[in-house]
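Each of the two complexes below includes subunit A, the first together with subunit B, the second together with subunit C.
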Partner chain A sequence: MDDRIRELVEQVPAWLRTTGEYPEIVLSSRARLARNLRPFRFALKATDQDREEIRTFVLDRLRLHPRLAALHQLELEGLGEAERRVLVERHLVTRDLLKHPDYALVLYEPDESVALLVNEEDHLRVQVLANGLALSTVARRILDLGEILGLLLPLAYREEFGYLTSCPTNTGLGLRFSVLMHLPGLVLAKRLPELVKLLARARLSIRGLYGEGSDIVGNIFQISTTRNLGITEEELLAHFQDTVRQIIQMEQEARQHLEQETPDLVEDRIHRARALLENARLISFEETARLVSALRLGVGLGRIFDVKLQTLNELLFFAQPGHLQVLFGHDMDPQERDRRRAAYIRTKLQSGEA
Partner chain B sequence: MDDRIRELVEQVPAWLRTTGEYPEIVLSSRARLARNLRPFRFALKATDQDREEIRTFVLDRLRLHPRLAALHQLELEGLGEAERRVLVERHLVTRDLLKHPDYALVLYEPDESVALLVNEEDHLRVQVLANGLALSTVARRILDLGEILGLLLPLAYREEFGYLTSCPTNTGLGLRFSVLMHLPGLVLAKRLPELVKLLARARLSIRGLYGEGSDIVGNIFQISTTRNLGITEEELLAHFQDTVRQIIQMEQEARQHLEQETPDLVEDRIHRARALLENARLISFEETARLVSALRLGVGLGRIFDVKLQTLNELLFFAQPGHLQVLFGHDMDPQERDRRRAAYIRTKLQSGEA
Partner chain C sequence: MLCERCKVRPATQKVVEVTAGGRREWHLCDECALEVAYGLVPPEPEEPEKPETPEAPPPGAELRCPTCGLTYAEFLKVLRFGCSDCYQAFRENLKVVFQELHGSAQYLGQPYKPDPQKARLVHELEHLQARLETAVLNEDFERAAALRDEIQKILENLGWTIASGN
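Our next item is the complex of A and B:
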């Protein structure tokens, strides 16, 4: 077991705390930059030697900046399946980064609020994460980091386009904002079509918990910006903040409506979810996410007051297959995972932590 | 509210107790006779006047026998929908008897172990019920009653056929034995086809909780004899007892097998069922039956020791729509029933009774 991974699994990432704004609806806010190095071939055409050189080059340059030099460093080479999974589950590594694990590198702040990925779809991906609704904060931090990188590295940039990227959708600002939102109210009230329409109008995209191509589990949606051309960072941010606030309001309305129109149904759903989490002996991650969603709704509505939102965030997080296996120290088949997960959840909800 | 119905709802019928043989598999044993009166037209051709006369005639004759004269007496005329439903749910009244409720009459022992129905599909239907596997007992009691009826009443009987009945399938002995069996093991182990084959070979029929045409809920099956011609009462009984014992053994094997092969799955199912029964805020009768079935299995396997089988029998019984409405004293729409049912179950399982 890699020490760094063990260290990670023993802590709760800063962006999962519930001290931010609207924690019952917005789990976390994120900004990320895509940047490439002028002297090197882009990822799609890069050879292994290129990747090796890129890694060395980036590390050398980052050493010049005390804060970046202090980042923790993790190579994917040599990590087992479950350990890699942990990194994806923690949003420290993208699926794309796993395509060339031998040359991939992750640099991160110990509290996981900043991560720098080398040899992903672009030479460099930088992300800033914060808990709750905190788009201004992550925007300020990512733009600072962008500036520093611009000073340290020869970035691929053209006056007429902006930053050049592997995928043309990122070309321009090379910037994306996103939020992880828990929207059980809109789902229960069957108002998703309305949400999708709003997002299309605002040119935002909607995905599951792990980004592109991932399923939506536990009514958690990743909503993110898509525009990168013909817009400034400030406009992109302001526009996104507006829409996210609109979605928050829609969700609040939907929850209020459910409370008023079908109080029994909501009460039933919440208590069943809690009962199953506290008593199941076998449980899949998907079911866990579904039940945690109902219980989260209960906490949000003030119906459940003896379970902390924080506990539920952690529970959802550590119930993921990678975490579970690293937590228990060995690989497991799905049936054992379902059993260990159920035991973990029971303990977590029964302990003082709940 | 009819006093007799209120009285019934406040007691647990003797045949639902769990003091008999194999209570974890056999809920109850039943025997019933179909008899008709020579001087009157059979049910299908009878007029309302005939039915009126039949009722008077039967009551007059039964008065001659002290034990029969002491039976409680209940007329369906004037009973509300929920009250009639209670009688069906208690197996005191068949759906057929409700076809001409104005002339229908139920005579019964206060503990509900004996019931005599007048103006059903046949002029007279007599049933004896006992808890657990008790086929010899119900056989002895029903044959005694048959003899008494033969002395008191001019029964339709022909030497070459036996007792004449409305439906030719009953002609001959006019006798049926049945058991209510809880067979979750065979269902979970997917061994129902095997059971059906065995029953076909033994010329037995299989139905749901409320007899002909009723759905199977909560893995409770009514298994009954069909033969009435070319066989003696003793042969019918002996043959039926053999087959029922075979089914008990099959069920025991299936449960043991599940315990050995999929202990986690069984454990999970049992604890989830209990958690939902103890925490749901809305619950249908079908779901109640399904969950009670799982919990009953848990008690049968010795996995649950702090819930009595008796409590589960009562819970299943009183969770039925008719009982629930009479218990709470008013008619309810399905949503209110689901809410009251959930509340009733929670109280019942939390109270000392569990």
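Our next item is the complex of A and C:
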């Protein structure tokens, strides 16, 4: 077991805390930069030798900046499958990076608020994560990091198109803001089509947290910006903030409406979810996410007082397959996973931590 | 690859459709996948697929990047560039692509122009760092201490000391 991975699974990442703005609706805010080095071919055409040189070159240059030099460092090649999965589940690494782990590297702040991926789809991906609604904060931090990288490294850039990236969707600013939102109100009120239309007009993208099939689990959605040309950094941020606030308001209205129109139904759903989580002996991740969503709604509506939002965030997080396997120290078949997961949830909800 | 439904955005999700006729996989973009998952739309393409007659190659299909060898036709298929020179090689055709993806083909962000004074400091920093390593190797600790002081001063000028929060 890699020590760094063990360290990770034993801590709660800073962005999962519930001390931010609108924690009952916005789980986290994220900003991401895509950058490439002028002299090297992109991932599609890069050879192993290119990838090795990129890694050496980047590490060599980052050492000049004390804060970047102090980042924790993990190489993907030596890790087992469950360990790699942990990194994906913690949003430190993208699934993409797992497909080509050769010479891939993740550098991160110990509290996981900043991560730098080397040799992903782009030579460099930088992300800043914060809990709750904190888009201005993540924007400021990512732009600072962008300036530092621009000083340390020769970046691929053209005046007319901006930063040159592997995928044309990122060309230009190479910048993406996103939020992870819990939207059970809009889902229950069947207002999702309305949301999808609103987002399409604002050129934002939405994706669900997918389980094994195509169903969205836990009513958790990632909403992101997509434009990188024809817009300034400030405009992109301001538009996104406006739309996210609008969605928060829609969700709040939907929750209020549900409570007024179908109070018994809502109450029943919340308490059934709690009973199942507290008593199940076998539980899949999909079911966990669905039930945690209902309980989260209960906490948000003030119907549940003795369970903390933070506990629910942690449940959702540590009940993921990779985390469970690393926490319990071995690979498991699905049934053992479901049993361990159920036991973990029961303990967590019964202990004082709840 | 492009989303099989809207044929505009890149495919990022695999959606499995199970019907009486069997199982079929669709490669969709986030938006289409979400709408399909919620049963808002069927996974079938928005327009019926054109019959597989030998399709006319897209304009510029034969363009080839001199640096990495990627052709424009390959680029359209995988929607990935091979290197930064592809942007020059496909320049004329890209404007339409960007217009479609971003609603514009014009970069309006902050220009990438590292502050020359800061760039000079970084250069100096690199130089001092190399000298520091040599001094440490030679166990010339007096010299190493002096170099560390110089490095610290430059870091302060750049605002890169750990305490300054960058």
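The rule we apply is simple: the second predicted complex is superposed on the first by the 347 of 354 C-alpha atoms of A that agree within 3 Å, B and C clash if a C-alpha of one lies under 4 Å from a C-alpha of the other, contacts with A are read in each partner's own complex, and residues count from 1 in each chain.
Keep this in mind: contacts are C-beta pairs under 8 Å (C-beta built on N, C-alpha and C of every residue); 3 or more make two chains touch, one makes a residue touch a chain.
What you see is a predicted model; the values in this text were computed from it and never measured.
> By residue count, which of the two partners contacts subunit A more extensively, subunit B or subunit C?
Ranking subunit B and subunit C by residues of subunit A touched puts C first.
> After lining up the shared chain so the two structures overlap, which partner does A:R281 touch, if you call subunit B first and subunit C second: first, second, both or neither?
A:R281 contacts subunit B only, not subunit C.
> Would you check which partner chain A:A342 touches, where first means subunit B only, second means subunit C only, and both and neither mean what they say?
It touches subunit B, and subunit C stays clear.
> Quick check on the superposed pair: does A:G150 touch subunit B, subunit C, both, or neither? Answer first, second, both or neither.
A:G150: touches subunit C, not subunit B.
> Classify the contacts of A:R272 with the two partner chains as first (subunit B alone), second (subunit C alone), both, or neither.
The answer is first: A:R272 touches subunit B but not subunit C.
> Examine A:L59 and indicate which partner it touches, taking first as subunit B and second as subunit C; both and neither are also allowed.
In the superposition, A:L59 contacts neither subunit B nor subunit C.
> Check whether A:S166 is in contact with subunit B, with subunit C, with both or with neither, and answer first, second, both or neither.
Only subunit C; A:S166 stays clear of subunit B.
> Give one of first, second, both or neither to describe whether A:A43 is in contact with subunit B, with subunit C, with both, or with none.
In the superposition, A:A43 contacts subunit C only.
> Determine, under the contact definition given at the top, whether A:D264 touches first (subunit B), second (subunit C), both, or neither.
Only subunit B; A:D264 stays clear of subunit C.
> Can you list the residues on subunit C that touch subunit A in the complex?
Checking each residue of subunit C against subunit A gives 9-10, 12-13, 15-16, 29-31, 33-38, 40, 67-70, 78-84, 87-88, 94, 97-98, 101-112, 114-115, 118-119, 122, 125-126, 129, 155, 160-162, 166.
> Which positions of subunit B touch subunit A when the two form their complex?
For subunit B paired with subunit A, touching residues are 264-265, 267-268, 271-272, 274-276, 278-283, 335, 339, 342.
> Can you check the complex and tell me which residues of subunit A touch subunit C?
Those in contact with subunit C are residues 36, 38, 40-45, 63-67, 70, 121, 144, 148, 150-152, 155-169, 171-173, 175, 192-193, 196, 200, 203, 205-208, 210, 213-216, 226-233.
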